[in-house]
Amino acid sequence: MNDAFPDIPKIQYEGPKSRNPLSFKHYNPDEIVGGKTMRSQMRFAVAYWHAMRNSLSDPFGGGTAQRPWDDGSNSVANAQRRVWACFEFMEKLGVDYYCWHDRDVAPELDTLAESNAAFDAVADELEKAQKQTGKKLLWGTACLFSHARYCQGASTSPNAGVFAYAAAQVKKAMDVTHRLGGEGYTFWGGREGYATLWNTDMKREVNHLARLLHMAVEYKKKIGFKGQFYIEPKPREPSTHQYDSDAAACLNFLREHNLLEHFKLNLETNHATLAGHSMRHEMQVAIAANALGSIDANTGDTLIGWDTDQFPTNIYLTTEIMLEVLKMGGLTTGGLNFDAKCRRESFEPVDLFHAHIGGMDAFARGLKIAHAMIEDGRIDAFIKQRYSSYDSGIGAKIEKGEVGFEELEAHVLANGEPLLGSGRQEMMENLVNDYL
Amino acid sequence: MNDAFPDIPKIQYEGPKSRNPLSFKHYNPDEIVGGKTMRSQMRFAVAYWHAMRNSLSDPFGGGTAQRPWDDGSNSVANAQRRVWACFEFMEKLGVDYYCWHDRDVAPELDTLAESNAAFDAVADELEKAQKQTGKKLLWGTACLFSHARYCQGASTSPNAGVFAYAAAQVKKAMDVTHRLGGEGYTFWGGREGYATLWNTDMKREVNHLARLLHMAVEYKKKIGFKGQFYIEPKPREPSTHQYDSDAAACLNFLREHNLLEHFKLNLETNHATLAGHSMRHEMQVAIAANALGSIDANTGDTLIGWDTDQFPTNIYLTTEIMLEVLKMGGLTTGGLNFDAKCRRESFEPVDLFHAHIGGMDAFARGLKIAHAMIEDGRIDAFIKQRYSSYDSGIGAKIEKGEVGFEELEAHVLANGEPLLGSGRQEMMENLVNDYL
Amino acid sequence: MNDAFPDIPKIQYEGPKSRNPLSFKHYNPDEIVGGKTMRSQMRFAVAYWHAMRNSLSDPFGGGTAQRPWDDGSNSVANAQRRVWACFEFMEKLGVDYYCWHDRDVAPELDTLAESNAAFDAVADELEKAQKQTGKKLLWGTACLFSHARYCQGASTSPNAGVFAYAAAQVKKAMDVTHRLGGEGYTFWGGREGYATLWNTDMKREVNHLARLLHMAVEYKKKIGFKGQFYIEPKPREPSTHQYDSDAAACLNFLREHNLLEHFKLNLETNHATLAGHSMRHEMQVAIAANALGSIDANTGDTLIGWDTDQFPTNIYLTTEIMLEVLKMGGLTTGGLNFDAKCRRESFEPVDLFHAHIGGMDAFARGLKIAHAMIEDGRIDAFIKQRYSSYDSGIGAKIEKGEVGFEELEAHVLANGEPLLGSGRQEMMENLVNDYL
Amino acid sequence: MNDAFPDIPKIQYEGPKSRNPLSFKHYNPDEIVGGKTMRSQMRFAVAYWHAMRNSLSDPFGGGTAQRPWDDGSNSVANAQRRVWACFEFMEKLGVDYYCWHDRDVAPELDTLAESNAAFDAVADELEKAQKQTGKKLLWGTACLFSHARYCQGASTSPNAGVFAYAAAQVKKAMDVTHRLGGEGYTFWGGREGYATLWNTDMKREVNHLARLLHMAVEYKKKIGFKGQFYIEPKPREPSTHQYDSDAAACLNFLREHNLLEHFKLNLETNHATLAGHSMRHEMQVAIAANALGSIDANTGDTLIGWDTDQFPTNIYLTTEIMLEVLKMGGLTTGGLNFDAKCRRESFEPVDLFHAHIGGMDAFARGLKIAHAMIEDGRIDAFIKQRYSSYDSGIGAKIEKGEVGFEELEAHVLANGEPLLGSGRQEMMENLVNDYL
């Protein structure tokens, strides 16, 4: 397992003074922060599709990525060799988890039977590599958006045969996830939406999507898979509109179709901003519904209108994410999955290391800062104080449902204008900077 | 009632050849389209706040509107005179409904008691004018966003006294709406959101918002008000984020807090596009949940990032809106409320007529085109055919829940690759143009 | 030449009542509108890259396009066969022009010498097809963005060898354009920009871009090519920022580098809206600098943040474009090039016809409406009247430069507040609808 | 001068460990960074309009700001008292400069003569306060966007009388700027644009704008004013489109109208992002044209589509700004003007201190980080190396203009494919974080 990245040693923690770009300056996996090791606070995962399969093409040009271990063929043997490159990468990086789509790890062949057989053959290799290294599968998923058959949707295709194919593919991907001890299974509906309403029966499509998820719930029970189901929101791209557009849309859908107990959300920063929300907003929406499951750790450029899937290096962002994670009590089944790709201009193998190291260090700093904020307590104390009028008196009665419009009108007539304090946004923003 | 617009006659239908800008070329109120008069298909309403109270100021400059009937004072007498200007406007325009916020029709004075008394005094005048003209109140609402006390939210203020004030104001606005025979009551949460999460307890705020709505439901029952409750989504502005951000977010909130049976949505075009959705998308989302109530008929400029509240003149837009309205079986309690203002550069009284005439004619054309599309049937037939694989065979079994993953895998193994037809988006877009 | 689209006849003008989707309802090529045939007013062109080479892949999935005449190989023979499919398409559609990038028509092979030879071999075939059909080349261009060598820019690459390659490629593309009698040559700098400023010397890059263009001007003179040079603005995608971001940025660059006399702009609707401008705005900016050259006729969805390159069917858009074209005195060297692709869901050959027919009919309607507006004169008369205070008196003196601050202060002190009339935006928008 | 903020002492530098929110933790005015005091590197200015005149109203609600020193009247006496509040604020904050519009400091009265007299009376007080405190005027400007007369533009109004009024107002504002020793004068064309092209003669309007600026150049010479002229770009708001939309548009306009030698740009972060650019991009565009003059130091929320004018606290942003400032050799006539307002929820006087302190500390950190980057040199070295192929050989010949297409084609035929190195964006982003 030293074939893919022969010149790159295991990345070590060297502390903030190090000038070695191939070292961690902040991520020290076994250091305790907030009562747990950094490793277990973050549960980093490598995204197989980006790290191993992204050729770095874009709509205006072909691939640039140099991946010497990959012969470019669609063969099972190539797919199996790739497994070891990925595990070498994880080992050298010190990441404990990985995630895949079925078609990332194994080739799609001419028939479902052949594709399934290829998948099994690669799964053998994955199982071997997991055992040998102790690395684990954070979650698996099926790619229901790349093949031409899915161009009008998978479970929301107007063609029932396509629905059937999608179902068969999810079944197999769940089987393999189960076999490999995956801790979760994700649904991302890249084509589950529409290109134009002029040819679309939206209500029928949404019902079909719910149907697929109910089938997945039933099948999970049947095979005894205990992992967590996730839905990943995104508002558009590739579809003009995707039904799982943001956290609220997903929750609404899950509630309407009696699926909420079975699913949590896998939130991605760049999807949040494409939907017009901050990542922190989406996290709070999900947490309020007890439905934050896992995180696709990346970032975008908010001046750009598509999913750039960049590696997250902004300390404000990683601080906000880790603050929400700590406040919800930490990640359980989920993790921080680097759903991020090197820029097309960064095509060398070593760039994969720079990219992941930067992301891991940025989250390590975010974790420490967030932990310091909580320990220090000034931010929380300000917020608690700000809402304190609800802790007693008329406010407590409002919260308990003990008063209605008439009592409140009487209260105003008796007490006159309420006295409001400043929201102190600027002071709070300054305070945030104090922890950086 | 000829004081406010002395030079302007009643606007007449003159047909498409007319070159008189102060005539209807398409809106012929008593013409039957789709089995009903145009008047009852559209149920147009004048928005009191824009037509009567908008000075046309913007963040960079003061008011420009010339409104000779208004002395600019905050007096009850001025407010009462304004009532008659509004009804003269509605009469000359031939619009049957109007909508208001409490603070549009009557001044906010030093205490709640005084404000309530002023409101009653203006309500007397409104009642008189309604009786005299036969005009009706489409819906009323309380303005919970202009006064400084609401700067940090109304029901979501951190200050319980502010919640109480909001409750008292809603109570009174519901009382007056009930007295005037209003057919609905709307909630728009302009400040029910946050400016920054660094000083906000989002979960507590959202619970308070639900509390207010439950109180409203109880009070409605108590006073016997039978009108429809509406919630109006908007993603941001004035707040950085508003809890009622889009149709899906509203529905999710209503479901979570057991309020869905009591509320429908009042959708606004410019709010839809600010949320990144087309108006038609929002309408279909609402209709799928049986929750489309009423429409704020305006438009925005999608290259601009704030709510321009422009009058709708785009025939594609009005066609799409009326198509959804016709397909849901028509408007019942709701209507097309012109929540739109003249541009700051269009400051003369006659511009109010140009603006409303243009909107009414555009909707009249939209109605006729949409009706023609339905009658002709080619669009619907294409869609029905496109999904026909779900009408029998494996598709019907999927819809009925008779098959699961295993049966579908077997189906694919037996049947191979599904045969997909083109989505024909371009052909459909051409077809749409054929009806224009 | 009936191999590629055997079932599709020549598309005929059948008038607005026709229900045949494969007919023109508005585009009647030899009908005179505004003193010229529709054919010569519009000068439609087929974009070889979209019509012949776009597999309809997107960042989330592979190609879907069914192109039975194409064997998918990179061979010269395949490229030559494709030529005849394209000319059959143009013949059946009745489009007179086409446009290409070098790499659309001929394959890129292992060395420049081989690629150039392949290009010549295909050019032989193009020349033959042009002669046989009378079709003409609107403009040629070199693809300096797809190959991996250009991933960090072509003339703005940090690598001088890449600059050299780009120059060699442009030279050859100009040679072939010249040989085929091309009426223009276009530069689109898809990678001429940056991904991040943290690794970029912007000033040096922009100077290199100017260098390439000066070389092109010199070479043009040398070979006696008389066609028009165009620059096509786009703000981003694929680059994070592109130097030719909008019309104003292009003009500023051309002025700074003494290139303005040699270049005009090729404006694309979807690029305009991605830059935050309306297409009409960009056209007026270019026309004011006497620099509007040609048009990439497509459209986008302004709720979507990337270049969707959709076929234009919106009548408001085509009216605005044709209005500007008519007002500038018509197109000369340029044309309306359908830089537009079928949706990935519309993958059948016949969809190419639906798409182009819809665009051509929409422009035909736009032309007729724009011509009617000009003939009728009400819009122009309103604008002329609106600015009439500059036609005499103090306004005329301002325009002639006869007065300065002191005279104008004196004028105000003597005359007091100016009397402003309404801008009448709403009335004008209604008037626009009257012509539809 | 201790009336306005009686409870607030002079803000002191207390170092990064201080927990006193009313202290500087990083801004130490006389500390030397990069060869100059922090004070002279930054040249901070208070924006009179926001600090003293912004009531914190927004389009959905009235003012909330508590400003006890202001009686709310439009009187000259109130305006004069306000002067002392502003200077007390600057003194306590330790800011050396301020900026104003004419109508911020003095009221607009019924006639120009009265307004001018009021302006003079307040200027007397400003002069007194400047002498007493040593504070200086960074730049003055005239407000040509608030009054109703400017609702259709000032120099671009269709009404020549409005042009005259604007000219008279600029004349007076230049006179007062000159009298007060202002180091610059700024033009921001808030209404110099259009609301719709359907009523607009854009070319004529742009020419009128150029006319006004030429008059200003002449008048400047006449009165001997030596300050720098600035133009401030913004793409829209309040206008739908503003002619000075971004740096490139301003430079193009200035070049076309032979004004470039007389003007530099005053760049604002929030205007840059509204135009779809990063602030750093706009700075580099301006610097490349030797036209960066001054900076409106604020920030926006890129998920929001209007100008929020927030105080800048993001360390990445302040680092990038100061890096560009240091690289251009420092600010000369310009400064960092806090064109920023407290949030509407932050309405107490002390919030003005929190806001400015946070901005000043954030820029102090940005300055130190930027200086460290330059001193350390790794970023610059990487960039220099990346372009080194242009320092000799074929690259140097390209830059010197010694080769054309034919030589470069020969070079490629002889040398084959160039060898490109990775752009290393991820490594550079990690490196940036190392300096934080």
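Annotations for the structure displayed:
Each chain carries a letter (A, B, C and D) given by its place in the written order, and its residues are counted from 1.
Convention: contacts are C-beta pairs under 8 Å (C-beta built on N, C-alpha and C of every residue); 3 or more make two chains touch, one makes a residue touch a chain.
This is a predicted model, so every value here is computed, not measured.
Any chain touching chain C that also touches chain D appears here: A, B.
By residue number, over half of the contacts seen at B-C repeat in one listed pair from A-D, A-C or C-D, namely A-D. For chain pairs A-B and A-D, the one joined by more C-beta pairs in contact is A-B.
Taking each chain's centre as the average of its CA atoms, chain A and chain D sit 39 Å apart.
Rounded to whole angstrom units, the spacing between the C-alpha centres of chain A and chain B is 36.
For chain D, the set of residues that touch two or more other chains comprises 148, 151-152, 195-196, 236, 276-278, 303, 343, 345, 347, 423-425, 429, 432.
If the chains shown are joined wherever they touch, the resulting network links each chain directly to all the rest. Within the complex formed with chain C, the residues of chain A that make contact are 58-64, 145-148, 150-152, 190-191, 195-196, 236-238, 240, 274, 301, 303-307, 343-345, 347. Residues 16, 21, 25, 273, 276-278, 302-303, 311, 313-316, 342-343, 345-348, 350-351, 354-355, 357-358, 361-362, 365, 422-427, 429-434, 436 of chain A are the ones touching chain D in the complex.
Partner chain D is touched in their complex by these residues of chain C: 111-113, 148-149, 151-152, 157-165, 167-168, 170-172, 195-204, 206-208, 211, 214-216, 218-219, 235-236, 241, 245-246, 248-249, 251-253, 255-256, 275-278, 280-281, 284-285, 288-289, 379, 382-383, 386-387, 389-390, 393-395, 398-399, 401, 404-406, 408-409, 411-413, 415-421, 423-425, 428-429, 432.
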